[in-house]
Amino acid sequence: MARFAWLTILLPLLGALANGFLAARRPSAKRLVSLIGPGVLLAAFAVAIGAAIEVAGTEEAIRIQLWTWMPVTERLHIDLALQLDRLSVVLLLVVTGVGSLIHLFSIGYMRSDPGYARYFAYLNLFVAFMLILVLGASLPVSFIGWEGVGLCSYLLIGFWFEVDANSDAGKKAFLANRIGDFGVLVAMFLIWWTLGTLDYAGIDATAAATLPLGGTLATVIALLLFLGCTGKSAQIPLFVWLPDAMAGPTPVSALIHAATMVTAGVFLVVRTGVLFSLAPFAMEIVAITGALTAFFAATIGLRQYDIKKVLAYSTVSQLGYMFLAVGSGAWTAGIFHLVTHAFFKALLFLGAGSVIHAMHHAHHAVGAHDDAQDMRNMGGLRTAMPWTFRLMMIATLAIAGVPGLSGFFSKDEILASAFARGDHSTVYLVAWGLGVAAALMTAYYMARLMAMTFYGTFRGGGEVEGHLHEAPAVMTGPLVVLGGLSLVGGLLNLPAVVGGGQWLEHWLEPVLAPANLLLDPLHLPHGTTEYLLLGGAILIAVVGLTLGFRMTLGRPIPLPADTPAPRGLARLLEGKYFVDEFYQRVIVGPLVWFSKTVLWRGFDQFVIDRIAVAGSARLAQGLGWLGSRLQTGQVALYVSLFAVGAVLVLRALIGG
Amino acid sequence: MDVVQIVFWCFAGWAILSALLCVTRANPISSALWLVSTMFSLAGIFILLHAEFIAAIQVLVYAGAVMVLFLFVIMLLNLEETPRDWNRWMFWLAGAGLSILLAAQLVALRGYSPQRLANEFSSMPSPDPGLVFPEGAVARQAVEARGVVGALAEPLFQGYLIPFEITSILLLAAVIGAVVLSKKRL
Amino acid sequence: MQAFLASIGYEHWILHVLLALPMAALPLVLLLPVRFARWIALTVALTEMILGLGLWWAFDASNPALQFVTDVPWLEQFGIGYRVGVDGLSVMMVLLSVVMMPLVVWGSWKGIDTKQRGFYALLLALKTGMLGVFLALDMFLFYMFWELLLIPMYFTIGIWGSSNRLYAATKFVIYTFVGSLLMLVAILWMVKIVGDATGTYSFAYTHLLANSQALAPYGSWLFVAFALAFAVKVPIFPFHTWLPDAHTEAPTAGSVDLAVILLKMGTYGFLRFAIPFFPAFALSDAVGLTMATLAVVGIIYAALVAMVQPDLKRLVAYSSVSHLGFVILGIWGSTVESVQGAIMVMISHGISTGALFFIIGMLYERRHTRKIADYGGLARVAPLMATAFVITAFSSIGLPGLNGFVGEFLVLIGSFGRYPILVVCATTAVVFSAAYLLWATQRVFFNRFTNPKNEGIGDLSGREIAVLAPLIAAMIWIGLYPGPILRRTEASARQYVEMVESYLPPAEPIIANRTGGQP
Amino acid sequence: MTIDPGTPLGAVLALLPEVILTGWALVVLLLVAWRHKSAGDSRLVGNISLIGFALALAATGWMASQGVAAEGLPQMIALDGFRFASDALLLTIAAGVTILSLRWLERQGILAPEYYVLIMLATVGMMLLAGAVDLITLFLGLEVMSISVYVLAGYDRTRRASAEAALKYFLIGAFASGFLLYGIALIYGATGQFNMTLIGAQLAATEPTLMARAGVALMLIGFAFKVAAVPFHAWAPDVYEGAPTPVTAFMASGVKAAAFLALARLLAEAFPGYVELWRPVLFGLAVATMLIGNLVALAQQSMKRMLAYSAIGHAGYLFLALWAHSDAGTAAVLVYLLAYSVTTVAAFGILASIERAGARTVLISDLEGLYAVRPFAALGMTICMLSLLGFPGTFGFISKWYLLSAPLGVGEVWLPIIAMVASGISIGYYLPVILAMTLKPTRTRQAHQTIRFPRPAKFAVALCVIAILVLGIWPRPVLDFASHEAVRLRQVATPILTR
Amino acid sequence: MLLGPSLAVSAILFAIGVAGVLIRRNAIVVFMCVELMLNAVNLTFVALSEVHGMGGQIMVFFVMTVAAAEAAVGLAIILAIFRHTQSVDLKSLNLLKG
């Protein structure tokens, strides 16, 4: 089946084309769209499973050569090839699997939207690109997917383009990604000029021999790649786009901005792990950036009211964890968290979507125009939406790190790895500290979210309350599956301490071997330290959750209109540290001003056009005018000129 | 300095003086008459230079006919003395200056003598001008043999026949032109 | 296919027919009634396309030499001949020209409603001129075609352009004319020098090229003379200010032709003439660095300026300056990769920018405004157009998988070894280009539907789809499978690089300990 | 066929075109004396004078085909290809101008058929000037031409401008003749000869002397006036503007051509030994003329004045060919003059058709929208402007290329570069004309309705325009002829120099 | 032996003629100054004719013819302009300029 892995790309692509065609010609054919959209995904998932089974049987990567993409020279000969190995297959399964669920959910969620077909076209296209990213055998091929998912993200964030803010958000997302892509591109140039190859296999094979460990070049390459990751995976300093990206339909947030695309950065770091392994300094940067992101995003999440915004910052924060992991050299932990996060965060988003769906329909039914996403308008929804509530609670506990659930294991492994890396550099200890603090906050804000949404009484008015109801089965169905996965996802890499076999670790081993070879092996804490850490983690989860529920439910929650203006730290948090404003004021605004006033009006139109071009024309014309003024019509003047000329000519010929 | 030279310089001085007056007199009739005077003095110089026939027609044709035509037109147009326009002092200054420069350049030719011409003409050291320029000697012989007019007429109607014929075209054109331009009605 | 083409003696007549056909049809257009004009033009264009496409197969990709060469004496006493031929570089340009031809006619079908005869006649003349520039292998012939092009372009802009057309047309002609003045002197001087050295006074490209070492002592100013002409045409910053005006004021056909072909003549000139003739000077450190720096400054500068343009066409015009900067960078990158990339950018830029101009032209035909602010939310009323525009915009941005990326990537990666810092600077354009095009896309097609006048804008008509569809297909095709094109240009690019390589200072390896064998 | 110009028959044969033309002029003059009242008379005279040009042209052609050459040293008048080519060129120009004048004179109310006689006599003068190998012939030819043209310039006596033009031209022209004559005198003094070939031999054989140098300088000054080189040019715009338009065409093409042809011969045959001395002068004149002529043209509003300054600029270009002092240069003079003359005649022909009797001079802005009303006139003018600009596809380009090759051929780069810079300036005034005609709308509804394009003028202009285009693509016959004939000119000079 | 002085006098007269043309405003006087220049040149011819033979004198003969012809035409032109402006002042010749 592995040699047909290209089908997983082709199927969504065909789906996108078909849906796109329907969007243009038969927008009302929603049934057909509902069939094609999720259908191709499910088919792809089936292929993926087949492929995975085959990959499981071998430790070698399977290369599928499709065609030659850029046959430039023998040095630069880029094939459009796919690489199926144990890493990509994990992602393949996650993408197609979670993707299928979200596609199914979308059938219900988007049912009444006029852009139904277009939506599925974009979504299918996204999956295709995501799979190219994951399966690409070389950096340029992955880059197709890398940018392609950016494109789809752009299209889907701006899906409801008639609201200016949505279009803005889409553009912002793409631009932030592009800044990162700049890094990836330059990294590719450097890699090619130093290693002479862009294939992952080639990089794995040659990097260690060519690049000195800890050398500037390796560090620069790794940092440039990481710049790409900060863009794609919304890390400091490029994280600002992700919260805005919530402007898109909620399933999109679940698929793209939680489960798959945003984790591509983590994937890339693992994929090019060799290069990072060669650059310990870059690893430190990755880890500390991840930790800082985890921490700061979590603090912002504490004070958000929009249900999706909370989840968005939570995503940013969780992505930070993943980078903390890979920065610590715990590749598997990163991937592990990636997978579990995909389960529970998708679940959370879909649950939120379900809530929003309900709120929206209820508002719609009574003609209210309140914000369907503001948690202050919610409350007590568990009665109306029991299934959603239950499933979201599972996810909340998972993300908060309640023992036994998937998030607990992955997060714990990350923190333990960071702690273990503390031997090498105190940076990791700082990172670990930040991670722990972030964990506490995660539990807190998730509890706050659940409390504000599902507990207490409904604050949006009785009339609306009457119209609230649980989502249809096509939406809750995927939720249930994800809930199950969130529950048991931890089994994938169950640590030894609870009797697990670290299956994922072993599964990925062949892929990670070249990178691990260069790293000092991680000495995860054992014995007392391990138990202490575990206990601490459990304590943090419990304390956070408790605090969250208590503090939220302990005092009345005002409606949006009644909320007093925040002050001090709260204002800073609610204003998201004003990073957006900072970028706008310090970079975007001045750049636009500079381009317009200095470059265009100033240089282009004034210096070049007016002074240089028109100026020389004027000068010529002025000289001509002067000459014509001298032509006074007076014979005396003419003969005088003549005489001057005569004297000069004579002088030239006879001197004197 | 022999007599010829003294006479030459008298004529020359007279010519230059008359020319200056011709140029500077405000009244066009005075100018014209001073020009006639210059021409007479030049005729004198021509005689000194053994060009008697030229001297004669200088007086007859030039001073006589052409200048009379000038005077005739001046009087026909009843041109009065134009008052000096002192605003044009710049032109005067420039004109005078330029002419002096020009004169200075051309007066450099004063150093020429037949000997120098011969030196420059021939590659031999200090050759005899008479030998270098045989035409001069031939001409002198011709003058002795056939007189001035004959010596001039022979080449004019033989070697220079074509130019001579061209002058007829020239005069034809001039006549037509003068007539066309002065006709009352076209 | 090759056998068939050989059987009809294709290579013997194709170039001449391509050159002569438009001119032959010109009197027909002028003399027959107006209603036939566009049909004749279309017929000619299609014929040219069909005939020209044969080059794709008939051209021997593995042969770097000039092919289909014809050398007919014209003024043989002076070494001037009708010499034409193609190699991997020019064959692509020719193909681009012939393929664009029917689209341009087809795209002007409705937009040009006055003086149609003149318009299509000029269009045909323009075609001959364009093809002539790319086919000429005689410097005299080349110069003639080079300059002759100005006339049809001048009138196309001047008669069918929009409000400020006279200014734009004048500026265009004066810029390009003045720019190429010194080139004539340089050509004549070259012929003289080479003639003195070899005893054969000939304008033949091959002759001059073969003896270009005789030109070395005069390389500096000869190159400057050539470079000035080409730099204005490309246009390289800071010689670019004619372009926004010309592009903006020209009718759609004019803009498209300008973008697709005319701008390429400058870069073609560099590759074909300016550098091969005077490699020692052109590729010296100082000149190389200067040109590469100008290219990069142009890339970033034009992108930034494009960002703040209130006029759609002007925006795209500046984007052209930015894109052409990549070509120059690639040329001076002087590796096979970068030169291939440069050629690729030339082709891609033609396709994407051509399509952008077509779409803007379609908008203009409907609303008679190019102001971005007059639009907004058009995706609701014209979803197909929006789709086409978005695809084209992303192709122009250089989204991998579409055509724009291939060239840019190759240029950058190829030039990186020689100018690492500059390439890094140039790479920032990926951000800026996205910024200006997406911002424009957003303000035109997305956002709130603010202007009720736009209500009547219909979606693409069948004709318009027919114009855009091949272009979009080409974008995707080249983006994913550029191999056939790259293979056709490779031999020539390689030959070019081999030719110039000996004049280059060896590219500094970017790390000291790089293992051998690699670039 | 060799003839001896010393014999009467030989002289007539040597001067056959001139003799025929003069004789025909006399015939025409007789006719004029008989009929000179009505417009029809004027037209008749004009048509008959055309026959004279045709006959003279035929004679020239016959002489050229027979390869008529002088027995021994040519006296007074050259008998070589260069002269035949010059004669043909000048006769063609004169015929063209005559055709342009046919109806124009009637429209302007100038009913004095002597006009045609004067044109013919001026042409005789030009031919003598261009063919002279003797300084006396040269001077007389120049004067015949000048006197006729002085009169022609003032021919439209009812217009003050015409009279003013004539007077300015006459006074400055006579002044310049003085310099030329002085130069002839000094050359004669230095060499004892009037014959150019002998002068050339003498000057080449000895070191440059003061007298000869002064003579060369003064003769150059005289010619610089005739070709309107800066700073001896100031008369030209005024005179060109004031003169009747066909006469302006005649002056700009014929007079200038004759003067350049004579100068080319003079420099090639008489002053080759002084080449290093006069080259810098020519260089300076060329640069000043090209730049100033083209710059001042930028400031002009009147078409005629603009063309006048353009003519000055073109004189500057022509100096390039003379500067080169090579076979290629001499050939380039011929080619460039042909191109320039053909273009000038056509341009003035179109301009003349636009003029109305008694109206002020035609401004560039008066041409606005011409294309819409009179497309062919506008097209013709456009082609003329492009040709003057030296745009590829026109004969103007071919000739410019040929011209630039001449100094390049002897290793001079700066002159061509400056010429191209000047050419770059010139687009600044040629293009606005094209712009006004083709791209601007007409000012008023009635604009251009009064334009009358008489059939003969239409024919002549069309012929010129077609020639510009055809020779722009296929200039080979002309180029071959020119380079061939130019070589012959130098073949005459060379053996004597080596004597 | 009179050659040098004659050439000098000729040069001076020529320059005086030039000066006259430069500074005078009366068209007829200017024309007369031109005649003066021609006369000066004639002197040169005649002086040189002593060395070189009859050629110089013959040239003078032609020059006189030319001068006469020029005089005829020139004065006719002056008459023509006089009819328009009632003056022969060159300063009033200012219709054509620029």
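Each chain gets a letter, A, B, C, D and E, in the order it is written, and its residues are counted from 1.
The criterion applied here is as follows: a residue touches a chain if its C-beta (ideal position, glycine included) is under 8 Å from a C-beta of that chain, and two chains touch if they have at least 3 such contacts.
Because the structure is a prediction, the values reported are computed rather than measured.
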Shortest walk length in steps over touching chains, chain B through to chain C: 2
Shared interface partners, meaning chains that touch chain B and chain D: A, E
Of A-C and A-B, pair with higher C-beta contact tally: A-C
Most remote chain, CA-based centroid, reference being chain D: A
Per-chain CA centroid nearest to the all-protein CA mean: C
Chain whose mean Cα position lies farthest from chain B: A
Between chain D and chain C, distance of the C-alpha-averaged centres to the nearest whole Å: 44
Computed distance of Cα centres, chain E from chain C, in Å: 65
Cα-centroid distance, chain A relative to chain D, in whole angstrom: 79
Mean-CA-position distance for chain E and chain D (Å): 25
In chain E, residues with contacts to at least two other chains: 7, 14, 17-18, 21-23, 25, 30-31, 51-53, 55, 58, 62, 66, 69-70, 73, 76-78, 80, 90-91, 93, 95-98
Numbers and ranges of chain A residues touching at least 2 other chains: 617, 628, 631, 633, 635-636, 639-640, 643-644, 646, 650, 654
Per-residue multi-chain contacts in chain C, two or more chains: 174
Chains that touch, pairwise: A-B, A-C, A-D, A-E, B-D, B-E, C-D, D-E
Residues of chain B touching chain D in the complex: 105-106, 108-109, 111-112, 117, 120-123, 133, 135, 159-163, 166-167, 169-170, 172-174, 176-177, 179-181, 183, 186
Complex contacts: residues of chain E adjacent to chain D: 7, 14, 17-18, 21, 27, 30-31, 34, 37-38, 40-41, 44-45, 48, 51-53, 55-56, 58-59, 62-63, 66, 69-70, 73-74, 76-78, 80-81, 83-85, 90, 93, 95-98
Interfacial residue positions of chain C with respect to chain D in the complex: 74-75, 77-78, 140, 143-148, 151, 155, 158-159, 165-166, 169-170, 173-174, 177-178, 181-182, 184-185, 188-189, 192, 221
Contact set on chain D toward chain A in their complex: 168, 171-172, 175-176, 179, 210, 213-214, 216-218, 220-221, 224-225, 230-232, 234-235, 237-238, 277-278, 280-281, 284, 292, 295-300, 425, 428
Chain E-facing residues of chain B, complex: 4-5, 8-9, 12, 15-16, 19-20, 22-23, 28, 31-32, 35, 38-39, 42, 45-46, 48-51, 53-54, 57-58, 61-62, 65-66, 69-70, 73-74, 76-77, 79, 82, 85, 88, 91-92, 94-96, 98-100, 102-103, 106-107, 109-114, 117, 129, 133, 135-136, 138-139, 142, 151-152, 155-156, 160, 163-164, 167, 170-171, 173-175, 177-178, 181-182
